[in-house]
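Same chain, two partners: chain A is paired with chain B first, then with chain C.
Moving on to the complex of A and B:
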């Protein structure tokens, strides 16, 4: 009976938690903040620049709040005013706060550096966004340009090494800045949905789902069950495709041609299944506001059902081949170890975090699409080294295959979309923060919407945190392990584009 | 010379766009571009063909042109994907293609977003047969 009451008033226990935390924060930070409100499942706190130090200190050191994870910083403009958005998270626990700080019109750079200096005192990862000492040309013995190594194609890496051990590393992302922060201005919504999959091209469905979910939240639009299941099906297929691509990249570095060829073969099978549904392999352009572009037919379902056991068998064979070879195990074991504390501090999410031993999966913890209808466990590993990052992805592939089986068995009837007129859209003006569990981690979109258009849009992928962390864990490792560590973090270049 | 090119043809792929995964998919057993003597390399000195794909800013364009200069003759360049060829979000005003065209002669264009692995393979085989 209590569940019914809660389910009628609140969609989930998490929203109860968020509402209670909002009241607590309002009490704790009452004089130091301008305003606190809910933006999706995050809490948006408007902080005056002068009180930032006290607010961050309270959030970090209060044992009830304990925001120990630094997620991201983003600068944006809205209505000729400049803002900085800082995302902090508490882990374990589910508090995620967005600090919105207004910057002055003049001396923006100076106030930006001051804010970063304040954040650096509490979070080491914030230092990446501020001024960092480059390794001078005389000191850096190795400069690796993009493309020279696998896994290093969207940033430069300067290394100072002594006798094969790396002492200092510096990552330069100048080459990856190809898109302006305000690329969405003047863009039609259907164009934006079509382009957004390029921002995570290894698993293109996730940015689309995240963006459309954010619009649906603003429009207060509830999806049909069939549309939700179609989205879940594609998400899991793309997850499998991404993880197989990851494993193939690892095999390429280890020069393990047998497994490399087998991985590419299996990936082709998955991409062909995706193609029967969406018509495209990599950039689907399939999700729409209100559902999906078209219905998933019986033939596509039959094809997926026929191929599931074959995929399971082939990928188990690849895992067996790799893990029975002690050379592979020796090369991967104890390389690029990430401890639990470091992973949390740098805001790592997704399989990289689960490989360190922290059981966090947004599909389990939030009411994401319709994952609560499916039963699955969240696999974790213990050591946080490259071997664990590979094994966790094998586990997730098998988990996704089982999820697809459940989805197909219980695929509901109904329509695949709730048709809306995109040219006459009217939102409730407001702020929304939407996230999704993509194969690299937590993919987030923050949007401020006016009545008819988007005022500001921030896309933050999890690869940015992995990139910042890679600079830290490369130090102390051998030069020959650099490409292995970078690839094992699964950095998607599309997410670095608007860092 | 043409028999040397036919038995060993090295490709260097620059850029970090979506086309990269479709280009590298041709190494798999389903497409198996290596049976035509085509290999992927990482250094410009060994490369015969430069593949330009994906997103570039000004610094990226300068680097690609430097890489092309370091390649030894005979060499070629192939532009793959909509990001380089057409006007779009990452390439407003087609400035990328015009910038490349003003400095180098592009041997082949492969349109698509991204082009299928079969399309890329067809382009490579046409270049090999032409030479």
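Moving on to the complex of A and C:
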């Protein structure tokens, strides 16, 4: 009964609205675009370069479409032709659009700058991808080198401060570009699945799930219930592990050693549970197309069931310790405030968005995997400061524990997980875009597939948007708050490897 | 000459041993996730770790300026006037308390100015704020020291210990002890025992290649903490006075490690305090009024009893 009520509240009304707008979109943009089609998660619109300004203007200013959120830009090559992919989104959960723009063979850089200039007029965040005036070292007071902050070794940060207020900030991600844009070329699919989890090493299962479900959608493959439940179980375990790691990082920045030690102990427990299922901790290499590498045994299930109450007890103890300390509350409250509009404008997703007061969770809104079977609510917070970002993670941990409890209770027995021979895999050529709600936000994969191999693959994590936003929030805050703000946005370095 | 050399040798040995033990204890207390690589003895929170850390700093390219040499010099000079036991003191004079406090303030000032420069050589006005905070914590410390001097009627550290043969000063000056201890705690919190110092977070964060300079800074921070613990022992807890049949030297060591352990625990329990307004509030609304009350009560007592012939 309760399941039905919850399931009715969230996605139903929205999805009807989206279908209508999608139908209208073709009519509205009729003359300005080449082609429009649905590619899994998003609407793919092929736009000629000359019409880009008009299309973006229509998308932004038409009250029916209202794509006010800028997600990402990515350049890629397919069959010796260069393309640019721009992802725009309307207010959360409604409409997601991919603009595919073909670039000329010559003078790519010039046309790239032109496109960025057009996008900059409508979306502030697009400026990050263009050529920016760097703060010179002589002007910058402080340069925060990578490695100065724990777990954030993916960018340089130059700061210009007057008194103790930061006036200008410049984030440079050149140092993190360690992966080639065409790393997938010539790679077998099973190698790719093993490789891809390093694109989010804080929660390695999510890229795997995203990629495999993209292939499944391409193959029109239906998963068994047991495989779906196994995926959900691992996703929730990794979500808990990631959130505890986040809290430990906050404690580390605050030099609050007691809670820091406790958090790491709890994370160790969760990682051990994951280890019993997958055999590894950081890069699981567990999910396969159509199922998983191996079945989950009864012993592992029993182990998880035994540990759930212990985990709940110890994590609630950590929350109690932290939230009873007025020094911590004072430190976290009213630092790094993100307002609703700014959050939407920069396209941040996940717990960071929910801390600003916007209820958007892909697990509910798009019915991922088999989350429809489970009953849960999406927690939100109002003010969007560091304290809310910490508290929302705590409530998500407790929610995940409850979800795991439900998953284990209803775990389908008997049916074995399907396995597909990856070396002889053949599929229909097509375009697919797939997303998943990872602990940092919306993790997305865009793929153009040939008959036997992948022609192009774009991986976009949510941390890039958080990073772009952090540059904005740091301006105007105090010097000593910089590290706290950066850590509170939960930026995963793995996702920034290929911007 | 030989006696002085022997004394210097003993003092150095004691300081290095304490440094090693304290560094080991602070590592042991802070639970940290480390790479499980290498020999067991070289991992974090093991006996060999302080040496490994020392070697790690040595391997880094070092940038030393003239101020780090001054810090190094002063942090050892401080121990020439502070008596560790009744015999183990290099220079005996009647103003040893005054001299050691002046040297301590000098070390702190040098430490602050050394860490206040940014990577481009500028000094922040925010740093001035931090310096003001730290020096304002020295005000209650000085006030409680003056009260002790009034009670013991001397500026010599040795005589202050000798005057406590019957009762420890903590029984006469409980409020003074409280303010002294709290101000030490905040100074240690600001200087940082085991973790990155708050004072240098903004400015020093991007500096690469600290190397030998970093070791000297750390060493002098430890020396000033040791100094404060020894001073609190001497002023309030009876120094090297015997306790029944237990020898004074042993008692001093026990008291030293007890106080260090409590300070270390407090350091781990309290989170980083870099809220300027909060620190000012704690200092001006709690520490300075309490120490002033203590001072006023002490002065009032002596005026009433007419010990200094003031009336």
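Everything that follows uses one rule, which is that the second predicted complex is superposed on the first by the 471 of 499 C-alpha atoms of A that agree within 3 Å, B and C clash if a C-alpha of one lies under 4 Å from a C-alpha of the other, contacts with A are read in each partner's own complex, and residues count from 1 in each chain.
As a working rule, contacts are C-beta pairs under 8 Å (C-beta built on N, C-alpha and C of every residue); 3 or more make two chains touch, one makes a residue touch a chain.
Computed from a predicted structure; not experimentally measured.
**Q** In the superposed model built on chain A, check whether chain B and chain C fit or clash.
**A** clash
**Q** In the superposed arrangement, which partner chain does A:176 touch: chain B (first), chain C (second), both, or neither?
**A** The answer is first: A:176 touches chain B but not chain C.
**Q** Check the residue A:331 against both partner chains and state whether it touches chain B (first), chain C (second), both, or neither.
**A** second
**Q** So, A:255: does it touch chain B (first), chain C (second), both, or neither?
**A** A:255 sits against chain C, while chain B stays out of touch.
**Q** Which of the two partners, first being chain B and second being chain C, lies in contact with A:145: first, second, both, or neither?
**A** Both: A:145 reaches chain B and chain C.
**Q** Once the shared chain is lined up, is A:283 touching chain B (first), chain C (second), both, or neither of them?
**A** In the superposition, A:283 touches chain B alone.
**Q** Give one of first, second, both or neither to describe whether A:264 is in contact with chain B, with chain C, with both, or with none.
**A** both
**Q** Once the structures are lined up on chain A, find the stretch of chain C hitting chain B; candidates are 44-52, 98-106 or 278-286.
**A** Comparing the options 44-52, 98-106 or 278-286, the clashing one for chain C against chain B is 44-52.
**Q** For chain A, give the residues common to its interface with chain B and its interface with chain C.
**A** Residues 145, 148, 260-261, 264-265 of chain A touch both chain B and chain C.
**Q** Given the complex with chain B, which residues does chain A contribute to the contact?
**A** 145-149, 153-154, 174-179, 183, 187, 195, 198, 201-202, 204, 245, 260-262, 264-265, 267-268, 281-283, 493-494, 497
**Q** In the complex of these two chains, what residues of chain C are touching chain A?
**A** 29-33, 118-120, 122, 124-126, 129, 195-196, 198, 201-203, 205-206, 208, 267-275, 278
**Q** Which residues of chain B touch chain A once you look at their complex with the stated criterion?
**A** Within the complex, chain B touches chain A at residues 12-18, 20-22, 25, 27-30, 42-43, 55-57, 59-60, 63, 88-90, 113-114, 116.
**Q** Inside the complex, what are the residues of chain A that reach chain C?
**A** Where chain A meets chain C, its residues are 137-138, 140-145, 148, 161, 163-164, 251, 253-258, 260-261, 264-265, 325, 327-328, 330-331, 479-480, 483.
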